[in-house]
Amino acid sequence: MNQIPVAVLGATGSVGQRFISLLENHPWFKVVALAASDRSVNQKYSQATRWILDSPMPDYAKDMIIVPASVEAVQAKIVFSALHSDVAKELEPQFAKAGVAVCSNASAFRQADDVPLLLPEVNANHIHLITTQRKNKNWSGCIITNPNCTSTGLTVALKALDDAFGVKKVFAVSMQALSGAGYPGVSSMDIIDNIIPNINGEEEKVELEPRKMLGKYIESLVPPSSAGYDSAAGTPPRAFIEFADIKFSAHTNRVAVLDGHTVCASVALSTPQPDLQVVSDILRNYSAPESAKNLPSSPRPVISVREEADRPQPRLDRLTGKGMSTVVGRIREDSIFDIKFVVLSHNTIRGAAGGSIYNAELLVNEGLL
Amino acid sequence: MNQIPVAVLGATGSVGQRFISLLENHPWFKVVALAASDRSVNQKYSQATRWILDSPMPDYAKDMIIVPASVEAVQAKIVFSALHSDVAKELEPQFAKAGVAVCSNASAFRQADDVPLLLPEVNANHIHLITTQRKNKNWSGCIITNPNCTSTGLTVALKALDDAFGVKKVFAVSMQALSGAGYPGVSSMDIIDNIIPNINGEEEKVELEPRKMLGKYIESLVPPSSAGYDSAAGTPPRAFIEFADIKFSAHTNRVAVLDGHTVCASVALSTPQPDLQVVSDILRNYSAPESAKNLPSSPRPVISVREEADRPQPRLDRLTGKGMSTVVGRIREDSIFDIKFVVLSHNTIRGAAGGSIYNAELLVNEGLL
Amino acid sequence: MNQIPVAVLGATGSVGQRFISLLENHPWFKVVALAASDRSVNQKYSQATRWILDSPMPDYAKDMIIVPASVEAVQAKIVFSALHSDVAKELEPQFAKAGVAVCSNASAFRQADDVPLLLPEVNANHIHLITTQRKNKNWSGCIITNPNCTSTGLTVALKALDDAFGVKKVFAVSMQALSGAGYPGVSSMDIIDNIIPNINGEEEKVELEPRKMLGKYIESLVPPSSAGYDSAAGTPPRAFIEFADIKFSAHTNRVAVLDGHTVCASVALSTPQPDLQVVSDILRNYSAPESAKNLPSSPRPVISVREEADRPQPRLDRLTGKGMSTVVGRIREDSIFDIKFVVLSHNTIRGAAGGSIYNAELLVNEGLL
Amino acid sequence: MNQIPVAVLGATGSVGQRFISLLENHPWFKVVALAASDRSVNQKYSQATRWILDSPMPDYAKDMIIVPASVEAVQAKIVFSALHSDVAKELEPQFAKAGVAVCSNASAFRQADDVPLLLPEVNANHIHLITTQRKNKNWSGCIITNPNCTSTGLTVALKALDDAFGVKKVFAVSMQALSGAGYPGVSSMDIIDNIIPNINGEEEKVELEPRKMLGKYIESLVPPSSAGYDSAAGTPPRAFIEFADIKFSAHTNRVAVLDGHTVCASVALSTPQPDLQVVSDILRNYSAPESAKNLPSSPRPVISVREEADRPQPRLDRLTGKGMSTVVGRIREDSIFDIKFVVLSHNTIRGAAGGSIYNAELLVNEGLL
């Protein structure tokens, strides 16, 4: 069977390494190029990379020669972008213009009006925004993005609750893993016997991104009021996302955990004080939209509900469903809002590389490549 | 100068060790007895104890012979209780009956109608509840308690805010230190590269205890409706605490930190959206009631406000004011309630042993011993 | 195909859990009984066990009802023993007498004259000691043991070196993982921001056990001078192990690592100052004896040699060869002895449960069951 | 009383911060200048510095304006150098030439023939090497150095043993703290649940530096054969150090400890197999040379001997003697050499900033400033 040629941009960093690891033996995709910054170009991947995962570097990548992250050097139908946001801002549109589908983990375009911010198990239909995007930009390729890793698990859980009960307000306090800060990231001297009660820019993302993903895909001739994105002048978007009317308040913290972001959430619902067993069943039985259900990276289950008093725990539960499942536990009544719970998601698998790959699979499955 | 003879009950455990360390060279108190469970009795303190503090065991304690935790064996005017709650329930009243002032870190009587739950910098006047207690019980001694360690710093910060703006609702998510679980407490295999998103019974305490401490001391002939405490039948309390009308929702977590509990708090106020600089000044300038201001263990400052984007941090800030200060940082607007911030308090100093000693100093200072 | 019925003794502890995990889908063995102490008996395994591995509890075990660790209750051809040494001392001979092959991780009988102390890739032929054992004891079953987890990787590396160069003296300093102490084992308060420079009884084992494993299997009518084991009086052993004439000096330490024991070793050889590339090749190319080469649990490779300046590292390398390989790195000249290096081995897989299973496979393969 | 004006070069880094902290309220020295690299110059110290110690930044330093590390900008009699070795190589001689006493923690000149490598409690008399240094270089100032932090505690212990028994060979395996790598130093992702079995260049230092410090100060007209140092041509050194004839073999490791280097040592003596109680007494009773005994930073005691089976431990014992004492424990027979033990020293206090300050005090006390 013919595999689709793909490339990884930013291949030597921590998210890039996850891409390379997760793409080993992928049934649909074949890695044909690894791109990184100038000082790595022309080196073998194994020489240029300080591999930090506990699974070994895949053999296929070891001897690949790193190329520049340019349209000329990278010949692929899909590129997975683990670029820094400022670099992504410049390079990703070049690839999209050149006919390449960019599945990006960078934050640069997440809030652009015509760029889907996707969690396929939540809002697979938002992918159709790229039709508008292609018209707006006159691109044959496209840019699709996955959210910030802290928003990921929270949004999956909220989607199930929103469908069943309506979500109105959310307090979310995160305890985030070190791998979320990249490598080398957080100094050991800053985190051993310590926590850092702040992550720059993270609270804003957690308060905004879920609202887009939980929003409605609307086809219309009237464009939404747009900010921060330079839509092609005079070309009205044909479709847009109406943000969900949910209020979020977030505190984000860094803790001494290697992988896996944990979020404590308190949620106000339109249906007050639901039975907790019903809440638990709603979460456990939540299933992805049809188009996102049976892809190679589809989480199985979408949501794992733990009944124990002290779960989920990042070290024990982050690899549930090969790191793609959202794990929820400690569902209980909230004394101010309606319910509260703890949600865990693997930040570099579901929350980063695995998420981008899942997005790419949806793109292929929908015939939009 | 004549020092007051004091004793420590539960002297070998982690809180007991803090008592012994903090009482070294205390200007008012002299440790005359160390009591512990049967298997330690008759041993030298240095033999019976696995000392876990990083300051050395004080010389005065090393050769003291451990006695049983009984009224007969312990001859002191004040006993500091680091007993387990079930043992405290039985023993503490015996000491109070025998004329001893029990300054307890145990939770057994915190919610009793006529037992003060004290943070001197917050509610020093509640100490007068012991007059009612003595009448009710016909005791010449008394029991006074300090709150759960997670409530401590939060309540100090809320007191300053309540005085200035009125506090209505509080979301609080804790990241708690290992020493809060005693020794040996949490297995290393459970917490390295991990968090535990639950601490048994803790959320209930955090949702209840601050309401008592922020409540009003009321003298009255009409008793409050009482639950869970067997007041001497037919003897109406002469004074009681009217709980503050504040709603709390708490999530409590254990993290890989040795000492220092960190709490992320979002607070709804009666005065909406106050200027953040004013909030910061209110906290920084908060001072203890007159009677609690100049005691040996008075926190100096009561509240330390950090301006940095990433403080307080437990390892760096827990020893502020010799571990007695409450440290607040990251004061900012909350998008659901009014303000949010991070508060840190040393759990075994301000939140346990140091708190009990501060209570005892207030008792002496008020002439109530 | 008919699988051999096996049981796990001490099934709820940390080594017991590894047995249950590693025996899932084993091609030769089928777990038919799980035995544990009285307070777990008659409960479902999933109820009685606080599962601490990051892979989920195998489905097959969840609903098995725990039985007592007695010959009557456990019907199996092979029992894997994760018992404490004092319990093992009493129970393991009962099983052996009843015709069961006991593959033990306990230390109770490791130094008995007629009990093989086995690392199949090192001394597979020592398994024939059980023929003598059966004669001595009149047992139809047998007891075979695997060594202390710290000795394991070191002995594998020394075997390759001893074959090639002759080993005379070994300095070994370990940095051992927390899982080696069982669960709950080491308190988090003792090991965060700390090391513990002692493990009771461990140095003695590291200085003695490799000498038996690197020793010669000798058939003889003359028994060796025996100590510490009560051979059946009047029945001379027909075979025995002549301990290797190697001097060991060991320091053992506990560090904040979850799994994987690291040992720094300096080695004096009979062939002084060998070329380091030759040493590296000897280690890399070492292969197990024929009978131990192609078993289901055979390490592949036996020894992985790392060329990087800073490997092996426990977190990155402990799962090499599914946790059964020995990983060696930093091979360099020693300025007092001849060479020095670092060796890593997964302490609960190769060094405990995986080792016992490998031993059982050898037993079956040799037709000795 | 007139205090001596001193300055800190490299004031913003981790060792620089220790200097500033330890020099607060120093009885002899007054900090008059803080120097750092260009990007910090002209800023207030509190603005330019990310303070990482758990004691607060001293008030005296907060508003000092950082100056360049040049002879012109820094007006002081003594400069404490926390410079990187390559910068130190260039700058330190400029200060010495300008009449300033440079007390350096850098490695640049430790092995220069006429530069004392000093631990005052070990080899205070070596300080007289600066007389030769001044003649050789025609300097009115001087350079004196303290050793690598891993050598420090080991050398103190060996000095006591060498005096009593003669030391011939030493195996040393270190488990070193993160602060030894500076800040930010080791990535948290590299050390949590892990160790790193290598520190670049460290083993060579541990194998060489103690030999100089344990060597003899010899006055002579005949220079030693010199390597690696450009003595002024034609000017024979008047004094030199004859290195001790001791063989060292070192393995160095990084572990997840914040402060405090632990070393496991096995030692061969000229007097074989001494009584262990005598060894313990020799260490406990070791006292510094007269000139180094009563200085402000003199360790009290020089060596603390722990009798417990599991001490020293870095978190519990590193602050012994305000971090200046060497702590020894687990003294026992070695089965290859004569004795073995564990030695602990605070790497950024005794092993760095505190050591340089102690050296400066000796310099003043000897009238050599």
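Chains here go by letter, A, B, C and D, matching the order in which they are written, and residues are numbered from 1 within each.
Going forward, a residue touches a chain if its C-beta (ideal position, glycine included) is under 8 Å from a C-beta of that chain, and two chains touch if they have at least 3 such contacts.
Owing to the predicted nature of the structure, the values given are computational and were not obtained by experimental measurement.
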Between C-D and B-C, the pair joined by more C-beta contacts: C-D
Listed pair (A-D, A-C or A-B) duplicating the B-D contact set, over half by residue number: A-C
Centre-of-Cα separation between subunit C and subunit B, whole angstrom: 49
Whole-Å gap between the CA centroids of subunit C and subunit D: 43
Junction residues of subunit C, two or more chains touched: 52, 192-193, 256, 258, 315-316
List of subunit A residues in touch with subunit B within their complex: 169, 171, 173, 175, 190, 192-198, 200, 207, 247-249, 251, 253, 255-258, 262, 264, 266, 309-316, 329-330, 334-337, 340, 342
In the complex with subunit B, residue positions of subunit D that touch it: 52-56, 192-193, 315-316, 318-320
Interfacial residue positions of subunit B with respect to subunit C in the complex: 14, 52, 178-179, 183-193, 256, 258
